[in-house]
Amino acid sequence: MGHKEHKKHRYSLNVGVITVSSTRDRENDVSGAILKDKITGHGHSVCGYEVVKDDKLEILSALFNMLKSCDAVIVNGGTGISRKDVTYDSVVSVFDKELVGFGELFRLKSYEEIGTPAMMSRATAGVVAGKIVFLTPGSPGAVCTASELIFAEIEHMWYELHKEKGTI
Amino acid sequence: MGHKEHKKHRYSLNVGVITVSSTRDRENDVSGAILKDKITGHGHSVCGYEVVKDDKLEILSALFNMLKSCDAVIVNGGTGISRKDVTYDSVVSVFDKELVGFGELFRLKSYEEIGTPAMMSRATAGVVAGKIVFLTPGSPGAVCTASELIFAEIEHMWYELHKEKGTI
Amino acid sequence: MGHKEHKKHRYSLNVGVITVSSTRDRENDVSGAILKDKITGHGHSVCGYEVVKDDKLEILSALFNMLKSCDAVIVNGGTGISRKDVTYDSVVSVFDKELVGFGELFRLKSYEEIGTPAMMSRATAGVVAGKIVFLTPGSPGAVCTASELIFAEIEHMWYELHKEKGTI
Amino acid sequence: MGHKEHKKHRYSLNVGVITVSSTRDRENDVSGAILKDKITGHGHSVCGYEVVKDDKLEILSALFNMLKSCDAVIVNGGTGISRKDVTYDSVVSVFDKELVGFGELFRLKSYEEIGTPAMMSRATAGVVAGKIVFLTPGSPGAVCTASELIFAEIEHMWYELHKEKGTI
Amino acid sequence: MGHKEHKKHRYSLNVGVITVSSTRDRENDVSGAILKDKITGHGHSVCGYEVVKDDKLEILSALFNMLKSCDAVIVNGGTGISRKDVTYDSVVSVFDKELVGFGELFRLKSYEEIGTPAMMSRATAGVVAGKIVFLTPGSPGAVCTASELIFAEIEHMWYELHKEKGTI
Amino acid sequence: MGHKEHKKHRYSLNVGVITVSSTRDRENDVSGAILKDKITGHGHSVCGYEVVKDDKLEILSALFNMLKSCDAVIVNGGTGISRKDVTYDSVVSVFDKELVGFGELFRLKSYEEIGTPAMMSRATAGVVAGKIVFLTPGSPGAVCTASELIFAEIEHMWYELHKEKGTI
C-alpha cells in the first residue's frame, strides 16, 4: 500500500453518528453536532444520527442498523473506565479487524492537548463487514481531536477496503 | 440453583425467530414456520420474524433489533463449517455468557437421531444483555430437535436471568 | 498416555473447597460438607475450606491463596447464568489449560439424573500453575455427581501433571 | 445443510498424519500406522506422514507444510494436560473455525469404552484455510475410536467446505 | 467525562506494591522502595508490600490478597519478553477493562528517556473489580517514569470508577 | 532488565525475510531486497527469503519453516485493512507473547514521516517458541523505518530470550 496513491481519489461517503450518553439528548448533544458539522464540512453526508443510553443492546442495535446504510459510523461516548462506560466492551468484539493505530494516534494528539488524562480513553477503530467504525470519547474537545484524524484518512480507508471489489 | 423450584413459575415470553439462509424466503421457510408454531404452541408469543442472508451485518442487525423487544431469539441456519456459514462466528463474540451445554445436548440428541453428522453443527446458546439467544442449524429436523430443548428450559432460563432484578 | 498405567499409583492429595454463595455460610453449607466428606472418604486431605460471596475479588483471592498450599481446589456455586453467577467468568480466564471434557461429562451425567436443566450449568475444570481446579454447581445433587467424576480421575490428573517433574 | 444429500457423493481425499510424541519414532509408531491404514482402507491417500517432538515449532511447521498438499491432516498425540502436551495449545489458535462437536463425540465414544479417563482428552477438530485438521490422543485405542468418527464424516466435511467454490 | 472537573477532588488512596523478581528481596528492592516513597509523597498510604518470585501463582495470590484491602496496586517487574517474565501474561487475563493508554504513554515517555529499548516493555494498566492495577518494568528508572504517570491520574481514575456508586 | 547491560554483547543472528504480496516476485521485490541488505549490513546473516501470496496457508507455512532454522523472521506486507491483508490475522494468533511496543513505536516514527496514514498499519512483533517475528508494511519506506527499530534492538531481544537458557 502506497500512502500517496489514494490522494488522487476523492470519495463522498455516508457517515453516521451515534452518541452514547446517560445525560445528553438530541437537543444538547454538542459533540454529536460537532461531528455532523465535520462530516458535511469535509464533503460527506450524514447518513444517520442516534443518541442512545450506555447500554450494550442500545449501542449495538443502533450501530448495526446504521451500518446497513452507511459507509462508516462514528460512536462517541462511553470509552472511559467507569462502570457505565460500556461502548468499548460492546463494540470491539464485533470488529473483523481492529485498527489500534487510530486509538494510539488519538491519545498521542490528546496527550499534547490535555496531558496525562489522555491515557484514560479507550478510543479505537475497526472494520466490520467492510464498513469503518470509530470509537471516541464524548467530550467536545475529544471529538474535535478525533475528527482531525478521522477525516484525514477516512477516504483512504474506504479506498483500501473497496479497491479489490472492483466497485470503485 | 435448585432445578425444580422454578417449575412452579410459568412465564409467557416474547420469542423472536431469525432465519439465516441464502435460499429460503418467508414463503418457503419451513424451519422458520416450525419454530413459530413451537413458540405459540408452548404458550409464548412470536415477537419478530426475519429471513436474512448469510451476512454478518444482516444477522447482527436483525438480532439486535429483535432483542430490543423480545425476551429471547432463536437464530436458525448458518451454524455449519462452509464458507457461507457465518452465523456462529458473527454472534458468539457478542455473548456476555455462552451456554455451551445447549450445544452439547443438542448434538447428543442429534447424534441419537442422525448419527455422526451431528458433530458438524456449531449450535450453541448464550446470554446478551439479559436476553437469551439460541443458534441452531437450519434444517427442519434440527429445529425440531432444538425446540424440544429450548422450550423445556426457556422459562427456567428467563427466571434465572431475572429473579434478582425483583421484576418477577 | 495410557489410561490404565496410572492405576498402579495411588496418591493422597491435598484438596481445597471453596463455596461461592450469597446465602450459604459455614454452618449451613451442605454442599461444602459433602465435598469435604468425599475428599477424606477417598483418602485425601482437606487443605482449605472457604465460603465466599459471588464476587470476583473474593473468589480469586480465596482460590489463589488455597492453590499455594493445595494440589487441587473444588469451587462450587456460581456456574449458572444469572447476574450473580460470576464464578465461571472469574476463574476460566486464569486457566493455563481448560479441560472441557469434565464439564461435558458432568452435564451428560447430570442430564441422565435431572434432564434438560443439566444444560444450564457451566461446570468445567482446568489447570493453573500445575494445580487442578474444578468448577461445579452449588446444589448438593450437583456436587455429588461431580464428586464421582472428580475422585475417579483426580489422582490420574495429578500424575499426568507431575510425572515429568521427576517429583513422583 | 441436509445431512443426507452428501451421501451420493464419494470423494477420495489426500489425508496426512502427524504423530506428536517424545518417545515414538517412524519404526514404533503404532498409532501412526493405524491411521495410515485407516486412510487407505477408506479409499483415501496418505499425502504425508511425520513424527515430531512435543514442540510448538515442530508441530506447526509439519502441519502447515502438510496442509499445502493435503485436504486434511490428523494430528495424534499431545492432547492431554501434562506440561509436554502442547499440541492443542499450538494448533487451536490457528483454526478459522473450531468444530467442538468432534471432540465432544470423541469423548462420548471414549467414555463408553474406557470410562472417566475420557474426560482428560482435549481432542478437537477445526478448519484452516479450507482444510480440515483433527487432533486426537496418541494411544492406539484413541486413534481407532477417532478414526470411526473421522472417516464417517470426512467426505461430508470436505463437501461442505468446497461446494460453494464450484470446484466439485 | 471532562478531564478537568475531577481536579477539584483530592483523594487519599490505599496503594499496594508488588515486586516480581528472581533476584530482589525486601532489603535490596530499590524499585519497591521508590514506589513506596512516591505513594506517601503524593499523600496516599502504602496498604501492602510484597516481593514475590516470577511465578503465576505467587503473583496472582499476592495481587488478589492486596486488592481486598487496597484501592490500587502497582506491580513492578516481569513485563519483558524473557521466559521468566510472566507478570503480564498472568495478570492481563483477569482485567475487566484494560487501559492500553497507560502502556502507550509509558513507552512514549520511556522512548524519550532511553530510546528504542522502550518498546520491549509490556507495561499496561487495567481495572479489576473496581480497583486499579498497574504493571511496570522493575528497573528504578522505569518505576520513576511510571510513577509520574500513575500519580498524575490515579485520583482521577478512582473518581471515574466510583462516582456512580454514590460513595464519594 | 537493565536496558544498558546488553550493550556489551554483540550477536550475529540468522534473520529470515518473508514478503507477502499479490504483485511482487523475487525479481521486483524492492522491500525484500532492502531488508536483506539491512540484515547483512548490521552483521547478521540472511537465513531464508520467500515471496508468498496473501494467503494464510502460504504465510504460516513459510514462517514456520523459516523459524526452524532462523533466530528471527521479518514478514513484510499484508498488515493493512483491505480484504487481502491477512498477514496480521494469520500470524498474531500464534504469538506466545506479543510486543505491542514495536507496532506503537513504528507508527510513531511513521507518523513523523508520512503523517496520519501511519495509523492504518497493523505492524507488530512477537515471540514464538523463543524466536522473534516482526510484521511490517510492505512499502520500501515502511521497511526502512521498521529496520531502524528492528536492528537497534534485535540483539537485545535475543539476549533477553536466551540469557536464562545458559546457551549464551
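Letters are used for the chains, namely A, B, C, D, E and F, taken in the order the chains are written, and counting of residues starts over at 1 for each.
In this section, a contact is a pair of C-beta atoms (placed from the backbone, for glycine too) under 8 Å apart; a residue touches a chain by one contact, two chains touch by 3 or more.
Owing to the predicted nature of the structure, the values given are computational and were not obtained by experimental measurement.
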Starting at chain D, figure out the least number of steps needed to reach chain E through touching chains. 2
Identify the chains in contact with chain B as well as chain C, in label order. D
Under the over-half criterion for shared residue numbers, do copies chain E and chain F use the same patch or different patches to meet? different
With contacts defined as at the top, give the pair, B-D or D-F, that has more of them. B-D
Could you please state the distance in Å, as a whole number, between where the Cα atoms of chain A are centred and where those of chain F are centred? 30
Go ahead and note the Å separation of the Cα centroids belonging to chain A and chain D. 43
Touching at least two other chains at once: which residues of chain C meet that condition? 100, 104, 108
Got a list of which chains touch which? A-B, A-E, A-F, B-C, B-D, C-D, C-E, D-F, E-F
Given the complex, residues on chain E that touch chain A span 1-3, 97, 99-102, 104-105, 108, 127, 130, 149, 152-153, 156-157, 160-161, 163-165
Could you pull out which chain A residues touch chain B in their complex? 55-58, 60-61, 63-65, 67-68, 90, 93-94, 96, 128-129, 131
Quick one: in the complex, what on chain E touches chain F? 80-85, 88-89, 100, 103-104, 107-108, 111, 114-122, 137-139
